[in-house]
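Pasting the structures here.
Note that chain A is present in both complexes that follow, paired respectively with chain B and with chain C.
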Partner chain A sequence: MRTTQALFKLRGSIHPEYFKGLARDKDIVAMPLPKQLCVSMAQHLGAPAKPIVSKGDHVLKGQRIGEAAGFISAHVHAPTSGTVTAVEDGPTVTGTLALRVVIEPDGQDTPANALPPIKDWTTAGRDTILARIADAGIAGMGGAGFPTRVKLSPPPDKPIDTLIINGAECEPYLTADHRVMLERAEQIWQGCEIMRSLLGVKTVRIAIENNKPEAIKAMQTAIAKADGDVAICILKTEYPQGAEKQQIFATTGREVPSGGLPMDVGCVVENVGTTYAVWDAVVNGNPLIERVTTVTGHPVAEPRNVLARIGTSYADLLAFCGGLTCDAVKIVSGGPMMGIAQSNLETTTTKTTSGLLFLEASRVPEYTSMPCISCGRCVVACPMDLLPAELSNRIEAGDYDAAESLNILDCIECGCCAFICPAHRPLVQHFKMGKSRVILKRRQAQTKS
Partner chain B sequence: MDWMPVLITSGTIGGVGLACGSALALAAKFLSVPEDPKIAELEGILPGVNCGGCGFAGCADYAKAIASGAASVDLCAPGGPDVLKKLAAATGQEATATEKQVAMVLCQGNEHRAVHKHIYNGVADCNAAAMVAGGDMLCTYGCLGYGSCAFVCPVGAIAIKENLATIHPELCIGCKACIKACPRGIIRMVPESRSVHVLCSSKDKGPVAKKACQVACIGCKMCVKLGGEAFEMDGFLAKRNYAIPATSDTAIEKCPGKCIVKIGASEATTQTAPADGAPSGSHA
Partner chain C sequence: MSNDTQPYFIVSTAPHTHSGSSVRRIMLDVIIALMPAVLASFYLFGWHAVRLTAVCVLGCVGTEALCRRLMGRDLGIGDLSAVVTGLLLAMNLPPALPSGMALVGCVIAIAIAKQVFGGIGYNPFNPALVARVALLMSFPVAMTRWHDALNPARWLGFAWTVPDATTTATPLGLVKTALTMKQPLPLTWDNSTMLDYLLGNMSGCIGEVSALALLLGAGYLLFRRCITWHIPVTYIGTVAIFAAILRVVDPATNMPVSFHMLSGGLMLGALFMATDMVTSPLTRRGQLVFGAGCGLLTILIRRWGGYPEGVSFAILLMNALTPLINQATRPGIFGQSRKKK
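Showing the complex of A and B:
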């Protein structure tokens, strides 16, 4: 049995109700092509891609339609064959506008075959594989969407000794990663081997929360023949175990310094979905054009784990899952803790859409925010060791300098503090606003000097 | 009673006090750093609102900067021509008075006129509201009405009425704090003497803008035809050219979007200096 228990316990954590049963036992189903696909150029962290097709062009499945614009950026590919009907501004999940390519599928799904499969990747060489990962446009599929190529080519002064595969999926409701581990365990392990050879590391930890015993079993079977220090790290079920820095602490006991990256402590963390995408891109030559998204929530007629093309609108996803059985008052892209509320269903899926959640009125209580009672529960709950109450008060008073000196930029916006706050203070919202203000201020100071 | 301990104690304490006192007196005489008397004089002239509109950390800091020659005397917006004249006289610099500029919210979309796209129940701050699905209004350019500008206004010149920020021109001191606070960038400085304004910032095409708000500019160019050079077009949005006075009211009456309004008395026909700064939205 190649399993270890988590070495360390999270500093702060919460135990929300999980509701994973809604979609946990539903197989991944491929969704038929919708009538229209709107592929956003802002799919990943960093600079949005630059569209390289124009209205009227005919594109093939997997053809590159967006060019990476800069080092931290990723290519975007056509999810199916069809005609480009528009290249226009469209809403993103955060409500801002970004360029998107609208494709009307021709129904043929003709592949472009632009990337030849690399069947024997062990002899292909590091640069070929890295180039392939970049060409396939792979970005982290856990949520932030950090371009994978950048993550897998750390600078020489940052030696990496541990690869962590993140299968924690600590967000309530979401089961996409769980299903991917169950149904594609062997491929995930292959993808993991590819990344392991790229990084030249021996130690691999596959971190899974103990509320997914089937996934743990499936992954155990997959790694049975592995050589080197490979093990499943069983994490206690608590939120936010899946957060990158928290996971590194739980599996290795190392702490990422303030403002630092996992590579500062010799770790690279990749989501299980990303790992599968790496395998698919290298071995099959498929660019990242589809992903598993959990469409869930009590109002949804048939919660499912849908394998949908990137660019599918939320309305089409919902229709595929049978629509709503009762009114939903809140639509969240992602999970309930860190997801982003949506104001319509026109938004389309991206490489980072792990779930689409519909919540009915009884699960969206409206609170009146009250002054802080200084109980300190948020300080205990904060996994980043911050002082949420103090930060929130400072931001409410408009004192962003003080918030900066209280390390607001270390906040991972996990929502533990707001979840636990008895005064129902909108803590995370304050921090999101404060972080954007502090970042803006730093940028302005930089341009001045 | 034995008076000796009392005398010794009071003598010691008195002696220590005397020694320290004389040391301080000597230090004040010999170690003092002479401060430019100009600074105190200039600070007395400045209005003392500490609004930060000049770019310095309050009136005292600005006075110091003028005295050292690091700043010109014409940066104090709240002071107006009076303060400028006095500062110029005190420093010997020459300065020509420009017309007072006041802030104006270029939007009329209150809760009855503008269409909401979702219900927002988070932090009552425009910057926070704009981060949730791009704000709760269908118009992506208009006032959100959560009062971030009113919160930073040092003189309380901004009122939020029916989810719309309105700035009182008589109270506004022109410090531009509200312009920095507004996430939509729809507050602009306008010359005080001008009373005709285009109160819309939507750059959307006519049908889109109209769907989002009853008082939107639809880009019909009617005002440019009727009002001449007093109005100009920026894509699908009409803008006021404040250098040219708008003397006729026909453009106001004929505007199909009802987004041109007159606040106060009619404009005189004299020319005025163009409103400073870039058009609204540029700082975002």
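Showing the complex of A and C:
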């Protein structure tokens, strides 16, 4: 079998409780069209898209409704056919406001067929495929939402030799990627071949944590006839195996330099969901208008892996999963380690919504944070080898220069330190604030000079 | 969905889950780990050990509560750190110390060594050790009036509070006197004395004598991951190496390694005092340096210093160096080794 064990151990990690059993064995189910879809223009990293439809327009499924605004941006498409009832500001997952297009579905789901299928992609040529990936509005579906076209066209001075497919899904509770690998292994491998030919690389590593044996098996079958250096890389189940820099290290032993990108060490990392979306866009001509989201948590009546149109409200998703059986006190968009807490259920899904997690009161205890007792546990847990304790003390004292020299910008906000801290210090909160202050300071220094 | 009755959800920064560890739990573990040695001290020194332990724990908790109240803060005794300090202070006192003096120690430990600096987490020095050394300076006679363990009079009450014929010197004290007087080594060191020392049948501070009980407790702390091996092993290891060298160079004036291991406060210091999280370095590498430094200073003081025992001073000195050690042992971060190339 083409399987390797991870080459290198994480520098720091934690072992949270996973609770994947809630939704792991639930098939992906497509959710019927909701009454309303609110498609945000800020779905990806970079500049939000510009809406190109207005109130009253009739749109078709897959029709472009938002135009990429700049190099790092992505197009946005209508998730179904219907009438645009508003183009307005709406809440995003981070609590800010961004333009969104509100669509009232007509129930016909009439496709626009704007993108012709490219059945034989091997002869289609690199530019055609890249254009297709951009036209389909594909952005990283693992979390950050980096526009995929940009990732797949690295500058010539950065030779790429390894493509890594991220199926680690190290966040507790979430099982969307697991199900996608299980049910769409063959398509993922095809998507992988497409990206491989775009990048011109021979080596492919599909990274999966060893708590997903079925997914490992499915992917093994899918790659059985592949040629070249292709292998499943089995990672130990620990958090954060899915973090980009950590995964590159585990699978190849290469360290992305401080402040650098994966391409600096010849790697491109794509999430399994994104890989499927690439296949779907190229071979079927489907733009990215739906994704699998795990709706889970103990209060949810029927936790599921839901295939929902982008723009579905969290309330509709929850209703599709039978609602709540007991009070939830916290709603998290994403997983419990890095997800974003929501104040209400009005927010709608985007290309990056991997999960919607409901937590009951007993799992959300209130803490009073204490002074650091220098136990050093955060230092051991930090996968970036930072000194969270010292960083946090400096930031608390307002000393951002010291925080900068202690490499705060290398913090990946994985939350290992805060998870382990016995003094319940708000470490990640400190680091998010500290990072933005340091970045602001750097910008100001740049504009002055 | 109960949105009518409960329209609000908690919003806070990630992570939304926690390991469940807490400062209180760590302190509770330390208290549990100290129990074998505390019970041993009761057995070995009788009523006086009970008295000192009670006075110190109540004194420390009381002082903590009072200080916090005076500063207008919440009581802050729920984290149990004052109980730990109280236990450790008691364990570092000779059995016949009058209760009033022990109480002075409590005030020094909590008010001066801890709360003045800002309370838990901010104290640069181990509070119990600061108190012990302050008491040693202030009441040199009372703090060096030793009694044998298992003294038949140990349950009789107040007899020891007056100087009487039952006082003895500690093993390290005997050796130090012999050294300064240039006399031959005063102790015979055979298997039966070694066993006595291991179990705690000797004179000394009430909590330091039973190496076995202390090791048991430390095992529990290691198991609970409240401490790691780094400081204890480097500390005890360094003392052992230097004691061995001294013994080889000059067997006439230096006791064997096992004597250094089992006498005085080495076990209590290396396992429970030097491992205090707040006052020891943050990183593993720093802890190795810290432990080695403690060991070196301990053996230097024992052999050449003015006091028979050097554990307290050694740890306090290394406490003072902890910020420097932290600075010098910062880890190279992920991705930085490549940046330089």
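Just so we're on the same page, the second predicted complex is superposed on the first by the 449 of 449 C-alpha atoms of A that agree within 3 Å, B and C clash if a C-alpha of one lies under 4 Å from a C-alpha of the other, contacts with A are read in each partner's own complex, and residues count from 1 in each chain.
We take it that contacts are C-beta pairs under 8 Å (C-beta built on N, C-alpha and C of every residue); 3 or more make two chains touch, one makes a residue touch a chain.
A quick note: this is a predicted structure, and the numbers were derived from the prediction, not measured.
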Superposition on chain A - do chain B and chain C clash or fit: fit
Contacts of A:Gly376 with chain B and chain C, given as first, second, both or neither: second
Which superposed partner A:Gln429 touches (first chain B, second chain C, both, neither): both
Greater residue coverage of chain A in the superposed arrangement, chain B or chain C: C
First (chain B), second (chain C), both or neither touched by A:Leu97: first
First (chain B), second (chain C), both or neither touched by A:Val230: neither
Partner chain in contact with A:Gly398 - chain B first, chain C second, else both or neither: first
Which superposed partner A:Arg437 touches (first chain B, second chain C, both, neither): first
Touched partner set for A:Gly260, first chain B, second chain C, both or neither: second
Chain B versus chain C as contact partner of A:Gln342, first or second or both or neither: both
Shortest span in Å between Cα atoms of chain B and of chain C, once chain A is used as the common reference: 5
Residues on chain A lying within both footprints (that of chain B and that of chain C): 95, 340-344, 426, 429, 432
Contact footprint of chain A on chain C as seen in their complex: 1-2, 6, 8-19, 21-23, 25-26, 79, 118-122, 277-284, 287, 326, 330-339
Touching residues on chain A, where the partner in the complex is chain C: 11, 14, 16-17, 95, 172, 245, 249, 255-260, 265, 318, 323-324, 327-332, 336-344, 357, 359, 363-365, 367, 370-377, 379-380, 383-387, 389-390, 406-407, 410, 413, 415, 418-424, 426, 428-429, 432
Residues of chain B defined as touching chain A within the complex: 117-118, 121-123, 125, 127-128, 130-136, 140, 151-152
Of chain A, residues touching chain B in the complex: 91, 94-97, 340-344, 366, 369, 398, 426, 429-430, 432-433, 436-437
